[in-house]
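One structure follows; several queries about it will come next.
Chain IDs A, B, C and D follow the sequence of writing; residue 1 opens each chain.
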Amino acid sequence: MALADVTIIPLGTGTPSVSKYVAATIKALRRGKDIKYEITAMGTTIEGDLDRILAVVREMHEETFTQGVARVVTIIKIDDRRDKESSIGGKVESLKAVIARSVSDKAI
Amino acid sequence: MALADVTIIPLGTGTPSVSKYVAATIKALRRGKDIKYEITAMGTTIEGDLDRILAVVREMHEETFTQGVARVVTIIKIDDRRDKESSIGGKVESLKAVIARSVSDKAI
Amino acid sequence: MALADVTIIPLGTGTPSVSKYVAATIKALRRGKDIKYEITAMGTTIEGDLDRILAVVREMHEETFTQGVARVVTIIKIDDRRDKESSIGGKVESLKAVIARSVSDKAI
Amino acid sequence: MALADVTIIPLGTGTPSVSKYVAATIKALRRGKDIKYEITAMGTTIEGDLDRILAVVREMHEETFTQGVARVVTIIKIDDRRDKESSIGGKVESLKAVIARSVSDKAI
């Protein structure tokens, strides 16, 4: 299981608001039954098999052209760790635990 | 107010787990009183004045060297919109509303 | 034809120098006969059919695990323009021409 | 000395071609006397003191608003190595030498 963050940016849209295009990509993402996702303020985080993640990002990217956009910049950041299981929730919880521990170490 | 997503990657650490370094950057971030932040699975989202965001990211980056790392790759993605107010929570809510609306349009 | 920039970052390597891992990814890239590439100081730029680009980046990413790394962060930035042909050389030349023109406009 | 790659993406421009905006950012970059830069197909690579790099990227980003754009996405990737000197040319040459060596090793 890998994690990925994807940002899809339509260019030349005529208006600075691009939420309708981003919404269309999320609907493409929802068709992927075997992956989990989370919408964040700066992109969409996807959890799943890496080949499936890349396939679904490819569909999200293509969906933006279907919406009438002529140029799309898509940024994918993959975090692939093979020595232990990774998940969206697990990674955030694990980091918060390290932060909490290091704060209480300082207090001693 | 701008939004930014920052990912700080220490290289050559000897172990694939880098949470202690990331935790140190979050502590540097917490010293910035005039910015808001949210930890995500793939990075940290920061909301605030753009000059303050860049200053705090600079401190987070430097903190990683203080922890004994010799090479750091830092990725900053800035979303700066001047035609309306932006916030971490507002952006996610606004996108979710567009998604919900487009789903119900389809249902009609 | 799309353009993409790929950065492959091995984590936990024990030394800040990662050129042997990057060299291995370039050899994986060279096996892709139907794509062009250019090594830059900050990544590798690839030109070709988008599906082929994603397939070759997938191989580059996997090659890093074959080299014994347990965690890999891969960043892909795709620029896909459907209203006109794009190429690595053409894009740089076109931008330099716009810069030159705007400089001489100022001089008049 | 650090290296950074910057990509500045204006949103809502009405046309997929954004070279006039990118050209304006390059002119802002040229005013930075103490940094080196190279235009690539996917962004601009900058070499110099990290504080100077961030200051000049800040100016490039701001320049895009001066050109009448209401929303700008700017992506900065910093590679900061403190155990040895880094330069745009040196990094590419060093990587190419490792690739050449590993190819001739295979041939033996």
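The rule is simple: a residue touches a chain if its C-beta (ideal position, glycine included) is under 8 Å from a C-beta of that chain, and two chains touch if they have at least 3 such contacts.
Every value quoted in this text rests on a predicted model; they were computed, and no experiment measured them.
Set against one another, A-D and A-C show the most C-beta pairs in contact at A-C. Ranked by distance of CA centroids from chain D, the top chain is A. Although chain B and chain C share one sequence, what matters here is the overlap of their interface residues, and that overlap exceeds half of the numbers used. Separating the CA-averaged centres of chain C and chain D is a span of 14 Å.
Chain centres here are Cα means. That of chain A falls 24 Å from that of chain D.
With centres set at the average Cα position, the gap from chain A to chain C is 20 Å.
Each of residues 16, 70-71, 73, 75, 77, 79, 81, 83 in chain A touches at least two other chains.
Only residues 3-5, 7, 16, 19-20, 22-24, 26-27, 38-43, 45, 47, 75, 77, 79, 81, 83, 88-89, 91-92, 94-96, 98-99, 102-103 of chain B touch chain A when the two sit together in their complex.
By the touch criterion given at the top, residues 50-51, 54, 58, 61, 65, 70-83 of chain C touch chain A in their complex. The touching residues of chain D, when paired with chain A in their complex, are 9-18, 70-71, 73, 75.
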